[in-house]
Amino acid sequence: MTDFQEPIRDVAHLGHVELLTPRPAESLWFFTEVLGMTVTDRQGQSVYLRAYGDYEHCTLKLTEAPHAGLGHVGWRTVSPQALERRVQALSSQGYGQGWIDGDVGHGRAYRFTDPDGHVMELYYEAQKYLASAELRSRLYNQPQKFTGHGVGVKRIDHVNLMCYDITPNRLFLQEQLGFRLRELLQPEENGAEEGAWLSVTPLTHDIAYMRDFSGAHGRLHHIAYWLDSREEVLRAADILSEHDIFIEAGPARHNVSQAFFLYLYEPGGNRVEVYSGGYLAFAPDWEPIVWRREQRGRGVYWGGALPESFKTYGTPVIEPVQAGQGGQTPAPVFDPL
Amino acid sequence: MTDFQEPIRDVAHLGHVELLTPRPAESLWFFTEVLGMTVTDRQGQSVYLRAYGDYEHCTLKLTEAPHAGLGHVGWRTVSPQALERRVQALSSQGYGQGWIDGDVGHGRAYRFTDPDGHVMELYYEAQKYLASAELRSRLYNQPQKFTGHGVGVKRIDHVNLMCYDITPNRLFLQEQLGFRLRELLQPEENGAEEGAWLSVTPLTHDIAYMRDFSGAHGRLHHIAYWLDSREEVLRAADILSEHDIFIEAGPARHNVSQAFFLYLYEPGGNRVEVYSGGYLAFAPDWEPIVWRREQRGRGVYWGGALPESFKTYGTPVIEPVQAGQGGQTPAPVFDPL
Amino acid sequence: MTDFQEPIRDVAHLGHVELLTPRPAESLWFFTEVLGMTVTDRQGQSVYLRAYGDYEHCTLKLTEAPHAGLGHVGWRTVSPQALERRVQALSSQGYGQGWIDGDVGHGRAYRFTDPDGHVMELYYEAQKYLASAELRSRLYNQPQKFTGHGVGVKRIDHVNLMCYDITPNRLFLQEQLGFRLRELLQPEENGAEEGAWLSVTPLTHDIAYMRDFSGAHGRLHHIAYWLDSREEVLRAADILSEHDIFIEAGPARHNVSQAFFLYLYEPGGNRVEVYSGGYLAFAPDWEPIVWRREQRGRGVYWGGALPESFKTYGTPVIEPVQAGQGGQTPAPVFDPL
Amino acid sequence: MTDFQEPIRDVAHLGHVELLTPRPAESLWFFTEVLGMTVTDRQGQSVYLRAYGDYEHCTLKLTEAPHAGLGHVGWRTVSPQALERRVQALSSQGYGQGWIDGDVGHGRAYRFTDPDGHVMELYYEAQKYLASAELRSRLYNQPQKFTGHGVGVKRIDHVNLMCYDITPNRLFLQEQLGFRLRELLQPEENGAEEGAWLSVTPLTHDIAYMRDFSGAHGRLHHIAYWLDSREEVLRAADILSEHDIFIEAGPARHNVSQAFFLYLYEPGGNRVEVYSGGYLAFAPDWEPIVWRREQRGRGVYWGGALPESFKTYGTPVIEPVQAGQGGQTPAPVFDPL
């Protein structure tokens, strides 16, 4: 029993995601008027937003840019010491980019990239959200009023990144940052991994990596916000439809994570998931669920399959890399009858 | 205003449907153990079933037969006089087949066919369900206990019939029986009708006709049972999946009727819909909703489309009638990744 | 069978309700910002409103007045002839008050009172709602866009009136207007009726009468708007709480009607119900459900009981009529721990 | 920043609860036929049960005993080393009772009591559930088939214990076992604590302490099982009502934890909660939510209040301790109209 390796437990949770958008006004309209999020600050080309249940000051940084995609992913550590320990490890492995002074909502942060090139940062000091009188909730333990406007997402749930080769990226998160591998899509034994779901919390995933069948690097698959019920996801589908937001897939039930999902493209082109349900992984000795072809790993539990675009569409949107290797990002179309 | 034609209002509601099945034991298992219905009687090759909220003794007659399909559809009239009036009209038009003495759950009935050949009957005398002590509900106005077993459908909702040419069939129901046309799928103006939804109640449809793209006559598209919430439809999808029942489409939201649906094939091969939501049509001067191609008449509101089998699969299952006319009933398959 | 009396079926459905409010601005804020209804017109001291699924131009007329309460209840008939027949019957019985020219949303109407003194009107000519481009729904058969703002009620459901003596009022509706008695709360056999639920549609009630334990006449108990799911009623409770709207009872499940309810007081003082679920009464020979004390007729199915105010609070709010006879309208209070 | 005390993180999650029942057959019927749990083993006077989503072999041990109440609470540690560390701490403080060899579903365990006298145990070695072919789920990451029978609870959620004085008990859990205090009900500043909610996971509570107003020690308030949606809690209320199980409170929404609840008494007399919703506490520097009287700490968010029995009824059921100090356990009654 003495050889049981106690795990690294230094990262607390997903803190925030920075999204890039070439259509900042329309993206902001979408996140506020349609999803129902709240603006907490503006700095330069960025707007900071939050969902009503987020405890931090903001969980989304929306930044104007020539192309859609991921700015960075921010992770909060469990303590100042934990932050130091992880920075030590990252810098000694050559992944580090150095410290930044901080940003709206959090203190100094250490920047690094995963092997596929996605920018991430670690921080500990965080600003907790304190609602103004107008936005204070009657529910005393709720950070902010539930206004009942739009979809009304409750909190950030996870981020999903595309990468050329999943394995080194998930191992990086596991070994350097203490993420646990919860589920793995690897259709053939010893074959390429097509999806990996990892977390530092009991959520099935705080982050997922999806294989980028286009052959590109560093792209964003989606960010996900949480709703408390599947009914709210169905209601979201109605609201999105009425606002002409393209629903790529769902509402339906995932195999992986068991959750109930809906994927949409926000006006800037980034894919966003509205998400509910699923299960929590409490086992300290969790054994990853490995999906082979025969376990129906299509992403949809009740039947049907995710659209082809799910494998190739990411942001920034790219042109086909090479014939014969996939890489084409089909324009989403409404099927005629 | 004196030329306003007061409508025929002699048919009260859908009473019951007789389903034929070549696999009676498996079909019975499905309707009782999976859908959660109750057996009320058995006679000859038939078993009589009900949902817990049905007020009549039974709403489903399951009859062993060489092929799956429709036995007949039973309609209850609003009064004995209304029955006489409709029989008079039907027999004078040559659609009648004559009286039968009655069946489990209802008194004498007049048999007739619609132009496409589906057998129907009209009756007034009905046996109301009286629960045994064991099946009595604690909810005094509920006909039967809600046992919480299986999907737990509440009541019969509607029947959907395929036919070669919709127009004469819907006109028959409108003119001879007083049905109101609620919605109509006619992709091109003056083109062929592909779906018609009619009712004598405020439900958007007690019956629908779907164009049979196989070119056959007299087939069944599906019968539908009601659940009180969309959440129960999602729960049904879980139960069906766990019992290896094929889900052809859904859970998703219809355009037509606005309802939330799930289509499955029961073990005998008949399509069954689990159904909730939708709207009620109260207007006495209802104007039919006519769906053209440009109104997104794909049957699915939020995106996606109904599978091709929806146009061709019905019971009895048939071989392709003629090349170039459709008629192929594709075997439902689970898509590989 | 020849002595079967065919019922009167001349009234089609509840058309609209006029509510009086001494706080018109706050009441309007409530119906638009909190319930999510839409203003369609303004005339004099009145504002006309609708829910997104109502097919008529408006279903609520909100009128400034010294006291809260009922203005009138409007019923649409099935045809012009049906209107003439009912007017004939009403005027010959001495209940009629005569014709009015019409109002926003409908043509000429015949005014009358029920025995307890509530003003009602019958009309046939109705203006169907036609949404502006901005409010047009992407769901072609839905009269208006679902904006996702506030509670988002879908359509008017029913009205509930208090009266000194229920029996003559319900018999008036049954005999003069063809309403069917669906359920009746009469705790003791041959005792006083305490509630009666009636409809001309398959809804369990288009109207209910509740005994006014204060001994007053002509008061309003509540109006009810429909939501498609119980989850939306729960969500409504959150929104109401966040907006400091007093919830008198619920969310919970009724015994009578089986429906899921929530009662609130709008700022003008009128009780409003947000309502979902229940059952539909399709039987043409419906036998009223009579609740005696032993059938748990407390109004709440799962346990608990409706508050005392449910028996005495109505609008206009009154002072106690007589000591020892009830009549006190307790101010709704929030219970301390 | 160097003085930041890194927290103890040795306890992983609530493992199981042993319930005592004087009516073992009826209790077993309740947990299997009504709640829908599965029996995994029987030993002596005990039956071992699980919910379909529990990853361990069993989470409920139901043991015949003269009186209802708590047998013990089992906590799983994050590692063998963590187990040793906690045992070291507990035994050095005098709370320990020593090791047991293990039980169905887990290896050797260390027994101890909290200050109020509730028996608890810590263990690391656990038997993961492996479903038989018949009970294997089609959802590959779900430990067991969702049969759709009865309420269908998904997993154990938390346990709630009554105690004479909350403060020393919650401090014991915080200091010896590393629990975080999530919420605290203390109506007056510096006054007696009436409720404390603590967890080692991001759940708002794995355990709660409620003040026992009867003045007794060592009693059980309730155990709670999780459902994925509020709709399922409503459905549970229907099933419980049909099976004559007494519902003490709910379905309604808690203030504390924000969750949706329903409390019932199982046939042996123990209170059981069916639970859904709520929020997750991810902040590593969580600051306890302290409810004073003015924050509406009634336990019910939308209005109403928990019944008086909530303060005094626990198991074992006791006679009043002392006049004037509460202590009476009122028999739950159904209110007449």
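Labels for the chains are A, B, C and D, by order of writing; each one numbers its residues from 1.
Basically, a residue touches a chain if its C-beta (ideal position, glycine included) is under 8 Å from a C-beta of that chain, and two chains touch if they have at least 3 such contacts.
To keep track of the chains, here are their UniProt names: A, B, C, D = Catechol 2,3-dioxygenase.
As the structure is a prediction and not an experimental result, all values here were calculated from the model.
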**Prompt:** Using each chain's Cα centroid, which is most distant from the centroid of chain D (Catechol 2,3-dioxygenase)?
**Reply:** B
**Request:** Overlay chain B (Catechol 2,3-dioxygenase) and chain C (Catechol 2,3-dioxygenase) by their C-alpha atoms and let me know the rotation angle in degrees, rounded to the nearest 5.
**Result:** 180
**Prompt:** Hey, which pair has more contacts between C-betas, A-C or A-D?
**Reply:** A-D
**Prompt:** So how far apart, in whole Å, are chain A (Catechol 2,3-dioxygenase) and chain D (Catechol 2,3-dioxygenase) when each is placed at the average of its C-alpha atoms?
**Reply:** 32
**Message:** Report the inter-centroid distance (CA atoms only) between chain C (Catechol 2,3-dioxygenase) and chain D (Catechol 2,3-dioxygenase) in whole Å.
**Reply:** 43
**Prompt:** So how far apart, in whole Å, are chain A (Catechol 2,3-dioxygenase) and chain C (Catechol 2,3-dioxygenase) when each is placed at the average of its C-alpha atoms?
**Reply:** 46
**Item:** Residue list for chain C (Catechol 2,3-dioxygenase), restricted to those that touch at least two other chains
**Value:** 138-139, 229-231, 238, 241, 296, 301
**Fill in**
Residue set of chain D (Catechol 2,3-dioxygenase) touching chain C (Catechol 2,3-dioxygenase) in the complex reads 187, 194, 229-231, 234, 237-238, 240-241, 246-253, 260, 262, 293, 296-298, 301-305, 334-337
**Message:** Under the definition above, what is the set of chain C (Catechol 2,3-dioxygenase) residues touching chain B (Catechol 2,3-dioxygenase) in their complex?
**Reply:** 1-2, 4, 6-7, 9, 12-13, 53, 55, 76-82, 126, 128, 138-142, 154-155, 183, 201-203, 228-231, 255-258, 277, 279-280, 282-284, 289, 291, 295-296, 301
**Message:** Going by the contact rule set out above, which residues of chain D (Catechol 2,3-dioxygenase) touch chain B (Catechol 2,3-dioxygenase) in the complex?
**Reply:** 34, 137-139, 145-151, 229, 231-232, 235, 238-239, 241-242, 244
